[in-house]
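The same chain A turns up in both complexes below, where it pairs with chain B and then with chain C.
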Partner chain A sequence: MMNKMLKWILWLAGFVFLILYPKLFGIYYSNVFVTFAIFALYATSYNLLLGYTGLLSFGHAMFFGTGAYGTALALTHISGFPLIPALLAGALAAAILALILCPIMVRVGGTAFAMLHLAFGGLMYVLALKLRHITGGEDGIGGFDIPPFSIPGIVSFDMTDPLQFFYFAMVVLIGSIWILWFFTKTPFGQIMIAVRDNAKRVDYLGFRVPQTKAVIYVFSGAFCGVAGAVYALFQNLISAEDGFHVMTSFAPIMLTMVGGIGSFFGPIFGSAIFGILEELTTRYTERVELVFGLVLIFVIMFAPMGFVGTVKMIKEKWFTRQGV
Partner chain B sequence: MKGKKWLLSIVVVVCCIALLGLSPAMGAKSKFDPSKMGDMSDLDLSNPVIPTGDTIKIAIVASFSGPAAAVGDIYFASVQSVAHDYNKRGGILVDGKKKLVQVIKANHESKVPIAKKVSERMVLQEKVDVLWGTNGSHLMKVINQVADKYKTIAVSAAAVSDELYDAQNFSRYSFMTSISTSQVGRGMAYYYGQVRKKETKFYILCQDYLFGHSIAGGFKAGLKEYYPDAELVGEDYHKLFLTDFAPYLTKVKAAGAEVVYTGDWIPDAANLLVQARQMGLDLPFANLFINNPPFLQQVGIEGTDGLVHIGQIGSDGKAFKTEGQIKYYKAWNDQYPKWKKPFDTTTYEHGTGTIGAYRMQTYWLLDVIERAGSTDPEKIIKVWENDTWEDVNGTVYKMRGIDHKTERDLFIELYVPPEQQKESMNIEPYYWFKDCSNTGPSYKLPADKVTPVMDPKLKDIRKGS
Partner chain C sequence: MNILETQGLYHDFSGLKVLFDVNLQVEPGERHAIIGPNGAGKTTLFNLITGTYKPSRGNVVFKEKDITGAGPWKILRQGMGRSFQITSTFDRMTAFQNIRLAVMSTRGIRFNMFRKVDKMQNVTEEAEEILKRINLDGERDIQAGNLSYGKHRSLEISMALATNPDLVMLDEPTAGMSKDETHYAVELIRRLTEGKTTVIIEHDMDVVFSLADRITVLHHGTILATGEPCDIRDNQAVKDAYLGEMGGEEDVCY
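And now, the complex of A and B:
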């Protein structure tokens, strides 16, 4: 009872903190927080594949980028296109891409899965650069009108206002993360873990492994698309460099590994750690990737379970000692 | 009564003659006055004196690392030298207080998302008054967006794409003090079609992004307007920061071009010229940025002879016609020998050319702030729109009120061996560089022949607002 109450108090404190965040830290750090939240969703949806299903992808930026380009193209070419449909257009574009790829992807695993993603990710990057008339080439697509978030006749929020966008982004991103969390708690979510641990046994139990993988794949791709769509709205710009670049594909891998692979909240902590690190290091050096690489090496060598795993281990040790 | 009429007529006629006799420069609202320059004898770019505290802050948002790091250094040297001059004069009176000018480096690493982040950091955390940029029109677009969002003045001193100031991208907070791609393209076409009238076969080779396509478009439009007999024998766009130009240069050779028109900037400009000469391609390059001395020196006198450069600062014929021009030139050049890395290369020897253009644009900016008497963006906009200002060479810049583009004369510079450079460099040592070709004969392209294009939609929008 006490534990449940504490949980509720913590949730409430978190909620109040989020509401007061822009007032406490100002617009700049609110923007930093939005970036953190976007990458937290991106990494969490990626973790459905890596942490929960055991599939390592080296090209997940293609879903992130497709989501971002989907939203940007919709807002560029359809005048008066509303905000939520624009967001959904991004998610849908990424989901369709995942749907197209899944007949091939669900039949492979391990290295083949990773390398195929690297190849398709590279292909999307080149296409974004070369199809200049659609994607804007090296310049990307930018400067499109950001529609207000409005419920006709009731309320309208100006999304070009950084403060109002902050709250909108938080609702979308936290809502999406909650849906992903809920997904992992369903019976289907348990099958996902079973596929990771022993796909053959799942098959013998009568579940269709490729179809299960396909559903997870499309689900993960769609939420990467949501993260990309919010990113495009937030930056009011999307280019091949930030949408499809190989570093964008490696980002969720690093966030997941540093935060804690297999743990639902691990990628969120990973995103927070890298967000803080980036904020600190860019003030002194532009070699941010070098610092990230060193952190990753440290984690792999000394804390392979990541931040969440390490905290868990310390907690267990501490409680064991208390018990003794 | 009759006598009065006569007198009135004489007065009118005298006034008309006097007005006709005035150079357009004299019509400028303000001008750069070399006699007001501060003591520049302690200008040391390698150990710059940068004030802090309550200052006028200018953020140079540019590449300070990676393949284009040299570009950021050039911008810094240019802006810092002007800031140093104003600081030696005691600063600028703004909002009732004399303030010194602080220059802050903001590295965008040539990446779009970083350009946005670093620009926001400059505005929201460093509280800069001006965002000054940049190498890459796609990156300037981001800077302009940030300027527009947070109502901060932005100056496009180095990004030259016309599209940055079209109806879709225009921001009333951003001013294009540089030349634009349509001016460059039309200017080059005007020179070849109306002045030189020799070569007819042109090949366009530009970088594959907004600027590259825009500068190529400007040239194509210019050929239609000023040189309809010209033939475009090829057109190619390459990736930014390319290292192997051989495939493109082979195509240029095969196409039988007489002139290669390029907007490439360093490092692409350097690699393009060096590799072309290594492959035995001796064609002239009609260019905007193939003017960085270290790589010209690498290619040598013969390889750089015949290059045709279009510049936004220069003079018709001799470079030094007044004592003021010499004073301004020496304020930089006399200090150059004591500078250390990275400012000890020949890029920084003269403080003219591209660096000169950036310096002049910064002088204009600070002159506008001085006249506005404030760093309030609204007051700056009020002064700058439709402002006219005269640079050290007497060229008048006009800031077009509707689209914030600058109308001005341009200059064609023909690169010749050192012994012929005295045609331009008319003071000791009578050459710009002794181990490469550089400016010799130069021609003025009148402002009315190279007016930057204006998006007609923007006219309607701004009139409406």
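And now, the complex of A and C:
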């Protein structure tokens, strides 16, 4: 009972904090926060594969990029295309890509899975560079109109206003993360975790492993697409470099490793840690990757369970010491 | 009428003949033990029956249906459960969650993504009831990988039984157990498989002779003898190949 109350109070506090955030910290830090939230969603959907199903992918940028390009292309070529369908177009594009790839991907595992993703991710990067008449090549697609979020006759929010976009992005991103969280709590989510632990036994319990993996794969791809779509709307620009580059593929791995691989909220903490680090580092130097790399090495060597795992461990130690 | 039959089963691993012409017959309701020296092909036979491998030749007939070459998930849904020689549970999930997955499978809850599993009261109740029956209710929230060996094995065996199969295949359920644990496991198996058809691979002859209604002896990939425990014990070929002289201390036959 108390626990439930505490939970609601925390939710309420978080909600109030988010509403007041732009007023407290100003537009610049609001934009930092949006970037953080985009990568939090990206890494969380990625973690469905890495942390929950135990599949390491080196090419998830292809879903992020496809989502971003999907939205950008829809807005460029269809005049008067509304905001929510544009967002869904990005998610759908990523989901379709995942659907096309899943017959191969669900039948391989381990290294083959990782390397095939590296290959397809690389292919998508080259395609984005070379198909200039569609993707704009190295320049990417930019300057498309961002439609307002409107319910005809009731309200209309101007998405070019950073403050209103902040709220819109928060609703979409946090909503998506909530859906993913709910997903892990359903019976299907249990089967997903079981596949990570012991795929053979899942088979012997009467569940079909490839089909299960396929659903998770498409789900993960679609939500990476949502993250990409919000990114395209946020930047009003998407380029091959941002969307498909191999560094974009490694970002969620890094965030998940540092945040805590075995937990749902790990990637979100990871995203926060790197967001803050980047903010602090860029004040002194351009070489952000240098700091990121050092942090990653430090975490792998001394805290392999990441931030969440380490906090949990410290908490447990502290409690046992109390007990003794 | 047999519930399970293998008809002229052959299997080879890239040229190495593991099984040839195996005709196993399991009658409904019996506890059927498969014994034989190491490398006789017992586990391979299990793997062929439960769908891990497809046999090179021959058929597996289960409940008068040909299930040769069907995948494990399909065979399970026809009503055949299996446990493993090397404990094969979901080690980072709790004992309760392990059993719950089996319960979900029985109830056909598979691609449900719209309800929280914790809110499915009847699934929770059934899983808890099974835990109680196997005396694991005290370990409900312990990760399977952290259970003691004996309890981990109990979990392994009961996961095969939790899907409520018509036929249970137990691959060395007492492997690696101490004497006390074995004794406990045998009682557990006896209790849980009451009235169920059970096929069991076992090395421990005390276990075999106390549990089994019929015994099949596998030797060098083929069936040496099938029969009731007393017949097997007195069978000269079996004595030569495997059992040896068992002394006179047991008296199950008299």
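Criterion: the second predicted complex is superposed on the first by the 324 of 324 C-alpha atoms of A that agree within 3 Å, B and C clash if a C-alpha of one lies under 4 Å from a C-alpha of the other, contacts with A are read in each partner's own complex, and residues count from 1 in each chain.
Operating definition for what follows: contacts are C-beta pairs under 8 Å (C-beta built on N, C-alpha and C of every residue); 3 or more make two chains touch, one makes a residue touch a chain.
Worth saying up front: this structure is predicted, and the values here are computed from it rather than measured.
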**Report entry** Three-chain arrangement built on chain A, chain B and chain C clash or fit
**Finding:** fit
Report task. Would you sort A:Leu92 into first (chain B), second (chain C), both or neither based on which partner it touches? Result -> neither
Requested in this report: Figure out whether A:Phe188 sits in contact with chain B (first) or chain C (second), or with both, or with neither.
Outcome: second
Report task. Identify the partner contact of A:Leu49: answer first if only chain B is touched, second if only chain C is, both if each is, neither if none is. Result -> neither
Query raised in the report: Once the shared chain is lined up, is A:Asn198 touching chain B (first), chain C (second), both, or neither of them?
Result: second
Query raised in the report: How wide is the angle at the Cα centre of chain A, looking out to the Cα centres of chain B and chain C, in steps of 10 degrees?
Result: 150
Query raised in the report: After superposition on the shared chain, which partner residues are touched by A:Glu241: those of chain B (first), chain C (second), both, or neither?
Result: first
Query raised in the report: Which holds for A:Ile27: it touches chain B only (first), chain C only (second), both, or neither?
Result: first
Query raised in the report: Can A:Val215 be said to touch chain B (first), chain C (second), both, or neither?
Result: second
Report task. Would you give the minimum C-alpha distance from chain B to chain C, in Å, for the three-chain superposition? Result -> 36
Requested in this report: Show which residues of chain A lie in contact with chain B when the two form their complex.
Outcome: 26-28, 31, 129, 132, 137-140, 142-143, 160, 162, 235-237, 239, 241-242, 282, 286
Report task. Could you please specify the touching residues of chain C with respect to chain A in the complex? Result -> 50, 71-73, 76-77, 82, 84, 88-93, 97, 100-102, 104-105, 109-118, 120, 123, 159, 163
Report summary line: Residue set of chain B touching chain A in the complex reads 64-65, 107, 109, 111-113, 116-118, 120-121, 124-125, 137-138, 141-142, 145, 149, 168-169, 208-210, 213, 239-240
Requested in this report: Show which residues of chain A lie in contact with chain C when the two form their complex.
Outcome: 182-183, 185-191, 193-194, 196-198, 200-209, 215
